[in-house]
Amino acid sequence: MDTIMKQKVAPKETTLISREELIKQYLEVRQHTETLCKPLEIEDFAVQPSSEVSPPKWHLAHTTWFFEEMILVKYEPSYTRFNAQYSELFNSYYKAAGKHWLQSDRGYLSRPTISEIFKYRDHVDNRLLSFLNNSNELSQIHILVETGLHHEKQHQELLLMDIKYILGANPLLPSYELEAHSKNKKEKETWIPFKEGIYEVGHTGNSFSYDNEGPRHKTYIHSFSICENTVTNKAYLNFIESGGYTKPELWLSQGWDWLNNNDISKPLYWTKEGHRWVEYTLSGLQDLDLNQAVTHISYFEADAYANWTGQRLPTEEETEIFLESNSEKNKAGEVWTWTKSHYSAYPGFKKFEGLLYNGNFMCNQFVLKGGCSVSPKGHYRHTYRNFYQAHQRWMFSGIRLAKDKK
Amino acid sequence: MDTIMKQKVAPKETTLISREELIKQYLEVRQHTETLCKPLEIEDFAVQPSSEVSPPKWHLAHTTWFFEEMILVKYEPSYTRFNAQYSELFNSYYKAAGKHWLQSDRGYLSRPTISEIFKYRDHVDNRLLSFLNNSNELSQIHILVETGLHHEKQHQELLLMDIKYILGANPLLPSYELEAHSKNKKEKETWIPFKEGIYEVGHTGNSFSYDNEGPRHKTYIHSFSICENTVTNKAYLNFIESGGYTKPELWLSQGWDWLNNNDISKPLYWTKEGHRWVEYTLSGLQDLDLNQAVTHISYFEADAYANWTGQRLPTEEETEIFLESNSEKNKAGEVWTWTKSHYSAYPGFKKFEGLLYNGNFMCNQFVLKGGCSVSPKGHYRHTYRNFYQAHQRWMFSGIRLAKDKK
Amino acid sequence: MDTIMKQKVAPKETTLISREELIKQYLEVRQHTETLCKPLEIEDFAVQPSSEVSPPKWHLAHTTWFFEEMILVKYEPSYTRFNAQYSELFNSYYKAAGKHWLQSDRGYLSRPTISEIFKYRDHVDNRLLSFLNNSNELSQIHILVETGLHHEKQHQELLLMDIKYILGANPLLPSYELEAHSKNKKEKETWIPFKEGIYEVGHTGNSFSYDNEGPRHKTYIHSFSICENTVTNKAYLNFIESGGYTKPELWLSQGWDWLNNNDISKPLYWTKEGHRWVEYTLSGLQDLDLNQAVTHISYFEADAYANWTGQRLPTEEETEIFLESNSEKNKAGEVWTWTKSHYSAYPGFKKFEGLLYNGNFMCNQFVLKGGCSVSPKGHYRHTYRNFYQAHQRWMFSGIRLAKDKK
Amino acid sequence: MDTIMKQKVAPKETTLISREELIKQYLEVRQHTETLCKPLEIEDFAVQPSSEVSPPKWHLAHTTWFFEEMILVKYEPSYTRFNAQYSELFNSYYKAAGKHWLQSDRGYLSRPTISEIFKYRDHVDNRLLSFLNNSNELSQIHILVETGLHHEKQHQELLLMDIKYILGANPLLPSYELEAHSKNKKEKETWIPFKEGIYEVGHTGNSFSYDNEGPRHKTYIHSFSICENTVTNKAYLNFIESGGYTKPELWLSQGWDWLNNNDISKPLYWTKEGHRWVEYTLSGLQDLDLNQAVTHISYFEADAYANWTGQRLPTEEETEIFLESNSEKNKAGEVWTWTKSHYSAYPGFKKFEGLLYNGNFMCNQFVLKGGCSVSPKGHYRHTYRNFYQAHQRWMFSGIRLAKDKK
């Protein structure tokens, strides 16, 4: 699943930043996407080893397509498309007309080459910057550009998830980055209690957010405690070694089927070599770091783990309340943590007109909160609602536990 | 999906009825199941035209298996099983050991014959009644028998859903019952408003309920209105004729895929013969009754219909509050109405120990409320949480609309 | 696969038998089909545990349909169909119009019941006998009736194959017949040599045959020897125990995939219980009889076995020449033996006009020769060309070996 | 399907060419493979838009792997592999151990890059040439090198088939070569009669051949005529326009299913734009050249076409006899023509020991004869037996008709 399909904004009242600031941000974000691709070989841009992954060159083209199609084509009268076929090839939206190239077949396309796509990016950047510099009536454009930049930041995270999958699925196990991050943490487990009552959740204010983050609304919360720390590889390894993957009573019925049909017995990138556990990382194969947060696990695994501990996953509201209250020493930004909440509309949610609203995905997905190590800087908010299907795990997903108050 | 997998009770404090009353209910419920099968031919008991449907003889054996395996085998020392292989053949639970016969393959079994299964029922009934009459310490047994009877009532509804599917999938379109029910209703649409505030939902008291109906708990509700009437065939036909099935913007993304992959353009049992709409019913093929509640539609269709009207589906809490407040002229019992709530645990829900708890199914299902025309008498409660997957529609499912207060 | 699809006759010059003889044969063949069904329970007639198997009631109706549709409807002006829908339901031919009921879905139909199908048989029998008795111009009708009887004999064999599969797939493993046939044979292996030269194969003369058996034609045969005896369970067990199913070098590439994808490691009806091999037979589960011919094996298995012995399967021409030369102490009628010949047209073969010719199946099938223990009496000819796909094995298929002359 | 799996040679008596000649041929063949790749972009080497197609870089590595694994590793004691993992990655043979990378997943691999694979080729070429120059006992090596070169020639043809598919599946429809070949032929249809009798077919002599081409043997042929000309686009277009794809009576039963399941109504690379037929060629999209041989059609289509004409496809023996007799003005080399012969062993065929023999594929394939426009020079022989499955059509396959003598 590609996030622009998921996180399309409904324009709303946001405070406008200045033209100069907008151009500065545009240049930074667009440049950063390309910087992320520096370590790649040309072939790495083209392949698609799983239907939910996209080839990196598709991300580079699709984010550009957004600026071309949503802004230049609509608002810049003298603009002609770089290549008329790109509007179908790099469109992830319109399922309707059956005209867009199937997501699962993106890896079938050797052309346009990545070299051609970089030319496409240059072309659109030049025209857009020129348009921004010369346009008088900016407010609507402004919001669209800002949306396009948020969209591209989402794809920066997707890009890293997909690159990791592409390289990790290759038996040669190439590294993406030279140096491994040593984040050897060792912490005492801390539980934070919350009292029963009415709380508020959801986005408010004039800063940017996606439509599904609002409206801010009241919700009744029962007393609970939530763990400040996310679950570590060490703790998860205990779950495995105690036979967690062989006990159907711990698993959702669909989860047990998934596990058996796909021979799942460990997180996505773990392997056991003899008696030694190793994990594929963006720095290549590494010894499993027991103090790191466990990551690349499905909702099914997160839920089974929670059952095994006798605790439970938190709801999305509980997680948001915790994240907001804990902003100072915030553990957000490590792994996206699964919540036990299916992704649904907030009370009073208004669907955006047209095809492109978030509501289209409010079925059979679970909400994740908190951001992760590869989320772009400044992109994350506590109200942010990420969502994936229960079996997916190529994103940087982990576990935070909660429990009812005794 | 078979409901005993879904609705297993966790024993709790319930008020015990007397031994005589229990025996009376046992005889009535067991007899009613067989009465429902009277119109069937022997071959009707054996076939399975869809993997989610079960052959009627399976229901007759499985409900019996419950009393044999959960009560006689465990509590009656002198009991030996009617046939040792039945404990695997008619068990719907234990996915674990890979020993039970696959649900999708139930229609492969010609043996045991229905005649043999009626003998099995007789055998278990005789032994159970004798056990009930002679046992001194009844309280635990008592609860299990009551659970078994609720379980069998659920299967009475499933039996009718499955019989309808079996006969309706046959090109000869045989009738199940001779006389069609003329429920020609014509009503004014009435909307009931509810004020914002804290409400309580969920089961309480000592009467029987499933574990997932509790605990009763507070929930914050935003002001809304809900329609007393369910959506009629006439209204749904307008949706079809206005092109509802051809407009992707009305549909969930998964719903749009489902519709296209399965060539869906109308409710399950509708057919258009020339310019005339007909519907397969338990009384055979009938002209579409425009004033009846639309039924046999999926969540995807219910949601698209609601979008088309500019309104929305209610949440399960909203529906329960309405049903409770409206008990006098209650519209429940016509069709199960889809809610926009994914099926999840209530705050404070405790999972039953072992494999058989409802929590196993809390993933990718939506809650339906209200009961339907083939629900057994006395089986329904406002707190009852039925649940199905978004694409399923062989149950008697319909639509009730809600809207936010302006 | 249903044989009438495979073995439709092209009318040709055959010697006519008398009206009385024809009526006598008609009564015998029709009666024998029903006699074969005597041991069945009603439910046994309706189920379909594999898409290549048909429910017995389908065979009973389809063979009747042939006489109704090909003779009564076409030649008896006053005839009206027993039930107009049967012409689609029990037609195995016309793939064209998409109107016939899918073969794989035959087990979804509980109606018409077997009781109704017996009425259908009676109705057609009465009308056909009356027509035969009163018709003056019999020659064309005569040939069609004879074809219909050969067709029904084929279905008698299919019926037994399918009954065995239906009962053998049931975990209760019911018997079809009370008494097991003890055919305890113990024989010396005898090889028969044949000299190089021109031989003739194929059907000739005025007796009945299918179109694909002719024309009789010359073929050049290289010197070879063929084994009079078919391969025994004992010999095949040696193959298994020597690791035959684990050595890819013995297997066709497609066979090796088939074996791995379906977890095949023994003939269809064999099971190992502890150290003891048992085989499901029409008389229920039996100890494996080591002196019997191995049966229910696929072409893949037959070919791998032949490779393991260092010999080979014979061609269909070699097998036919052997069968003809060996008529006196003929080993035919035990198991159908696989030949290494793909099923193709003989030189000079003329396709029958219309849809119903054998040539439609001349792709990816192998020829089997010789008849089997459940082939109806008098139905078998040395020129008979049975054919199945390489992975199929629910028919009574076995192995005869050949070798090139040194 | 990869041809080395199909066409592995069994070493036999062949006349040795000189060391100098062998080295010259080695350089030429190896160079030619790389020349064929000149027009490709880097991304073109990596993608796999169909499971039966291989990425070009796989061909380049696999042909190199043959020389490394079959010669250097076995006969050159001081040799160490360029990369130990390549022996699994580029091995198409050993299905046994489940160790080789799945054919259908070759397009998932971005690494090794094509640049790395060219280094691999250089490395192996250098070591092999040095080994050939210095080795004394050449005869066994010599045969293996010659086999490797024939193997690589086969892959040169596969490379062009796969490149055409990769570029033709891309909506941008890039060209492989700049100039279209105008082979505007216009010929009178000529039929060549052959008399009944004993003929000989199969390879003989000391020149190179694959094992499946022998032994040369006698076969009895009935009188027939065969068409010197292959079927043209014009003739095939008549078939389409007369409704050929809508008449089930023309098609094999499996063919009719294939056609319907895959929405087939024209040859692989044809498209109708308005009223104009165009065809994707290696020079990009072109108007359909009516005088060219029809190509990229399946056996199912060839057989249906032949049925439509009232004629038939020739057997492989008939085709070989014709090709041999007609060597002077030989029409071979235009398209591979389908024969009605399933691919089977010749009388007296001896299977090569080990996994790698042709016999592994003698199931459900049809023989094609005659070579095609992209077959490498000098690679073709009249005895050559190419083979594909009945539905495959990405190779350059066409039709030659035959008929029985009246």
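As written, the chain order gives the labels A, B, C and D, with residue 1 at the start of each chain.
In this section, contacts are C-beta pairs under 8 Å (C-beta built on N, C-alpha and C of every residue); 3 or more make two chains touch, one makes a residue touch a chain.
The model shown is predicted, which means the values in this text are computed figures rather than measured ones.
Taken together, subunit C and subunit D share no touching chain.
Steps from subunit B to subunit D, taking the shortest chain of touch contacts, total 2. Remark: subunit A and subunit C have CA centroids separated by 59 Å (rounded to whole angstrom). Mean C-alpha positions place subunit A and subunit D at a centre distance of 46 Å. Once the centre of each chain is set as its mean CA position, subunit A and subunit B turn out to be 37 Å apart.
Subunit A has no residue in contact with two or more other chains.
Contact topology of the protein chains: cyclic, one closed ring where each chain has exactly two touching partners.
Across the complex, subunit A meets subunit D through its residues 41-49, 57, 85, 88-89, 101, 105, 107-114, 166-167, 169-172, 174. For subunit D in complex with subunit C, the touching residues are 5, 94-96, 198, 217-220, 222, 247-249, 251-257, 299-300, 303, 307, 312, 340-342, 344-345, 347-348, 351, 354-355, 359-364, 390, 404.
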